[in-house]
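In the two complexes that follow, subunit A is the common piece, with subunit B as its partner first and subunit C second.
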Partner chain A sequence: MRSFSEYNPIVVTVWFFSVTGIAMFSSYPLLMLISLLGGVLFFTVRNGISHGKEHIFFWVLFLILTLANPLVSHNGKTVLFVMNHNPVTLEATLYGLNSATMIVGVLYWFRSFTQIMTSEKLLYVTGALSPKLSLILSMALRFVPLFSRQSVKINNAQKAMGLYKDDNIIDDIKGKSRVFSILVTWALENGIITADSMEARGFGTHRRTHFCRFRFRGSDIALIVVSIALLVVTAFSVGIGSLDFSFYPSISVKTPGKLGIAGIISYIALIMIPIIIETEVSLRWKYLRSGI
Partner chain B sequence: MLLIRNKELRKVIKITVPFVIIPLVTILGALVFNEKKHIIISLAVALLSLLLFAAGFEKKSTGTRRMVMVAVMTALCFAGRFIPFFKPVAALTIITALYLGGEAGFLVGALSAVLSNFYFGQGPWTAFQMLAWGLIGFCAGILSKKLLKSNVILLLYGALTGVVYSFIMDIWTVLWYNQSFNMNLYIAALVSAVPYTVSYVVSNVLFLCLLAKPFGEKLERIKTKYGI
Partner chain C sequence: MEILAVRNLTFTYPKCSSPTVRNVSFSLKRGEFVVLCGATGSGKSTLLRMLKRELTPVGDISGNVLFCGVPIAEIDNVASISKIGFVMQNPEQQIVTDKVWHELSFGLENLGTPTDEISRRIAEMASYFGICEWYDKDVSELSGGQKQLLNLASILVMQPQLLILDEPTAQLDPIAATDFISTLKRLCQEFSITIIIAEHRLEDVVPICDRLLIMEKGALIASEPPEDVIRRFKDRGDILCGMPVAARLYAEIGDSGKCPLTVRDGRAFIENNYGNSTRELPLNEYRHSEEIALEYKNVFFRYERNGRDILSGLSMKVYRGELFCILGGNGSGKTTALSAAAGLLKAYSGSIKVFEKKISEYKNRSLYRECLAMLPQDVQTVFLKNTVRAELDECGADISELPYDITQLLDKHPYDLSGGEQQLVALAKVLAAKPKLLLLDEPTKGLDAAAKLNILNVLRILRKNGITVVTVTHDVEFAAAFSDRCAMFFNGMIVGIGTPNEFFSGNSFYTTAVSRMTRSYYNNAITIKDVVNLCRLNGRKEK
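After this line comes the complex of A and B, so read on.
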């Protein structure tokens, strides 16, 4: 029993890029709507009703993006009204609405993605792509708290020596920049020592092994196979043109054939996978607790 | 571990990506998608070039010391992005490139984009940000002799990269919004981004002014002391 965020990071990444990839590269309004609703649903399933500010930001952005297109682009047949001698058309407004739905949907997905992919998981995924880059990333991540701790130490030492006061702005800035300068020198020297220590322990003599918390289990393989299969169906139906929609010069809807419907259904299924997993886990948890 | 462990495979990637796949993607993209979906092509090219760089870097034997220096500079960039309004990332990338070479500059720019976006929001723009900052560093590395000679040229380069960064990111904004390139939208995006462009230019010039010399001395000292 694992929640979606506890699956192998590679699986989670593949799933996220399938969902957002389809949302970004298709322009079929129904798919955009599904992606936006799914994104909002997934975000609220994970976070409850908190994060009010982010929701407000996203929806203000939605409004701005919708209105931006008809003000700039004047394509389209149906003129709603004329502003500053420029026609504002229905088609351009709907096009803006469609783009806004896509962008805000993808933003919601990436907000959840950033929450799920902690730096540890990122290192695992980049380690699969390039061990050396992942090592640099992990060292940089480790340096940030180290530097902030060291800067507190330097700051205290400088103050104790009576070198600056922080109630005088000019003195404060001068003192702070001296602390920063000392910190940089220390950081570079410390980096050299780290590098020498790494080499002394045999870094670079053969392939690097690393501690790894994540393994591929049966359910991981099942999830990755299912998401890739659903992605292929949707991508095929988008790519072959059975989910086409054109806004200009006038809106023309082609009723989607069997393949189009299959694409839409598989996209819904793809988006529902983690939501189903989360609900199933929480239901089972409640059931187990009620049995005690 | 998974992708680029195999030496042969690395070699294949290194040869095919720049000479075969990237041009193929561009041409096929233009033909198949009827010039409508520039976004797919641009994202694919950005990702492929990052992959190419990773493959090249993986193959080379970079010294451990140099690698740790890159990590130190990346951490400083990452911390610097928390300063409100003025961001020293591009300036620090340029300084790194001047003293440690273009490759180190590319790495610092690209990696600090990925890392800091964990706090500032990851998104499809990350690939473009990585490429933009990385290229700013890489070009600084190529031009390092001229930039080191005169302070004025260095500050001009800083100001120019601030503008170029904004222009690149706005191309991406338009492509994402509209799926194909639209000049009106691009101009609108550029105009609405003017405050940001100004802040990029000001912070690049400001931080290059403040940091170029002291950082240069420190890096130079480390280089002569330890022979990197």
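After this line comes the complex of A and C, so read on.
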């Protein structure tokens, strides 16, 4: 019994890129709307009603993106009104609305993605591609915070020793640049010891194996198969053009055929997978807990 | 069985006229615990690095090193990496990856061990070391002691037969250091892993080691059980100054019989040989000046709004011209208190006054001009330039005014200096601002006994010149020898304060080894000098 975020990171990654990939490569308004609604729903299911600031940021962005397009682009037949001798058209407004839906939807998805994919999972996924790349990433993840901590330390040490003589910006910048130059020396010095330690533990003598703490279970395989199948159906229906939509010069919609409808349904299903899993898990847990 | 044999080993670094290691021969039997000591620069690290092929420095080598009878250059790769483990001094910089579990698996991954095997060995190791609670953590969340334990564990997963450690406890606080040493003892006894360790803090390792190797100017001058070494080098103050106090006491006043190494044996040695009709030495009464150099009044501080108070109601006064020591465990807030006085952290309540003026009233950084200076724990953070000379020129330091001589260091890179030398250069830099109040954070961390003594003398001279010194330290022996007053820090405030004599004879656990050794037999004896004088006063017992 695992919640969606505890599935194998590769499965989660494949699923995320299926959802966002469709959203980014198609421009069919219904799919955009599904992606946005799904993204908001998934984010709120995971976080509850917190993260108010992020919601506000996303929706302000949504508004700006919607309004920006008709102000810049003047294509389209239906002129709503004229501003500064430039026509503002209905088609451009709707196009803006559609792209805003797409962008904000994808942003919501990626926000959830970064919450789920901790550094460890990210390393696992890159490790599956290349163990060396994964090691470099892991070292960088350790080194970057180390570097910034050391910089704070050096800065404090210098401050308490009177390096910054006066309270002005020029002196501050001079001081900071000196701190940065010694930081580079420090990093290289540090690197030598780390390199020694790696060598002493046999780095580069063999083909590295990649130890990981995630395994593929039955449910992982089931999930990845279902995700890919749904992706293929949607991608196929988008690819052969049965879900086509053009804004310019005037809005034209082809009624989607059977394949188009299948594509839409599979996309909905794809997006609903984690929400179904979360609900199922919480219901089952409630039931099991009643027996404790 | 002989596991390691070193025969006539001589090593010269390129462009050096004299060898760093000269004609060293010794051997280690399986399961032996051997301590290598010697002054800084005597060639210990170079010798140890030559025992591990991957770390052997570049230079002229003659003689050979045999591991299980095979020259180390000819052992196959996997054996050389896994059978000989090496732990270095700095806990932070040896760590390669960002997660504890990944660090543990790093060596095995390199050897191409199958994943199932890796997960079993790691689980074993984590259980044995009690790492389970922090197995999932980021390496950066660990304390220094935990990091060093992780370094040790990540070597041990490769199942070494010989463990080489180069000053592994130098950067640790005393409690973590003692834990680390007792882990080594356990490994040696339970798995008969052979251990060779270079150390400055000999108090803990000497009593448990089988043999003591002493290096001097590149040559090995002793390789015997510690008791014999101490008896042989009785008159060599420079070698003895790092030894356990019981051994030093024996070297001063003992003549025959077994040399005591632990506090327990030292106590027996005193009781058997010396009476206690005179129980205490006359105390010099301590008078401080009335002028206050640093005052905390009800200071509260926390790092995060919802965190806990690190300083909670701290109040204390340091008088002008004092050498003041703040002692206390890890995380008790000592360093935070010092940083708050240096204006690096801002207390949310209470006031801190430096020379009777609030630190917030020192405008435009005038606090750091001829008033207060702080030397941080990590002295490397003090240096900004490529040579000591540039370093001193930058802050306008005049080396002729210093109470010590650093002219021979001027053309070196500050990072290439030994810990003690770094400390002296950093101090020179700080003194250039002509501070009246000097704040020191662990000035003796990682130093050998001789370098400590040197710092101690420098601080005494500074006091004579009228500088007030406030030191945060873990080192009780240093505090006892050096301070005018000591204070115990606990949970963000001062819980005990007094002159070293009052302070350490009042404590029964957090006190010097001499005080523990003579408790209730003599009163107020806290340094080796005290107990030697008391023993001499009482005279030897007739047998």
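Simple rule for what comes next: the second predicted complex is superposed on the first by the 250 of 292 C-alpha atoms of A that agree within 3 Å, B and C clash if a C-alpha of one lies under 4 Å from a C-alpha of the other, contacts with A are read in each partner's own complex, and residues count from 1 in each chain.
Please note the rule applied: a contact is a pair of C-beta atoms (placed from the backbone, for glycine too) under 8 Å apart; a residue touches a chain by one contact, two chains touch by 3 or more.
Bear in mind that the values here come from a model prediction, so they are computed numbers and not experimental data.
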Contacts of A:Val79 with subunit B and subunit C, given as first, second, both or neither: neither
Subunit B versus subunit C as contact partner of A:Arg213, first or second or both or neither: second
Partner chain(s) touched by A:Ile173 [first = subunit B, second = subunit C, both, neither]: neither
Which of subunit B and subunit C A:Phe113 touches, first, second, both or neither: first
Which superposed partner A:Val60 touches (first subunit B, second subunit C, both, neither): neither
Partner chain in contact with A:Leu288 - subunit B first, subunit C second, else both or neither: neither
Which superposed partner A:Val225 touches (first subunit B, second subunit C, both, neither): neither
Contacts of A:Phe147 with subunit B and subunit C, given as first, second, both or neither: first
Which of subunit B and subunit C A:Gly127 touches, first, second, both or neither: first
Footprint overlap on subunit A, comparing subunit B with subunit C: 119, 131, 135, 139, 141, 181, 185, 189-190, 194, 196, 198-199, 203-204, 207
Interface residues, subunit B side, partner subunit A - complex: 1-5, 37, 39-40, 43, 51, 54-55, 57-58, 61-65, 67-72, 74-76, 78-79, 107, 111-112, 114-115, 117-118, 121-124, 176-179, 182, 184-185, 188, 210, 214-215, 218-219, 222, 226
Subunit A residues touching subunit C - in the complex, by the definition given at the top: 119-120, 123, 131, 135, 138-139, 141-142, 145-146, 149-150, 153-154, 156-167, 178-179, 181-182, 185-186, 189-190, 193-194, 196-213
Touch list for subunit A against partner subunit B, complex: 20, 24-25, 27, 65, 68-69, 72-73, 99, 103, 106-107, 110-111, 113-114, 117, 119, 122, 127-133, 135-137, 139-141, 143-144, 147-148, 177, 181, 184-185, 187-192, 194-196, 198-199, 203-204, 207
Footprint of subunit A on subunit C - complex, ascending: 52, 54-55, 77-78, 81-82, 86, 88, 90, 92-99, 101-102, 105-115, 118-119, 122, 138-140, 151, 154-155, 158, 339, 342-344, 363-365, 368-369, 372-376, 378, 380-386, 395, 415, 429-430, 433, 439
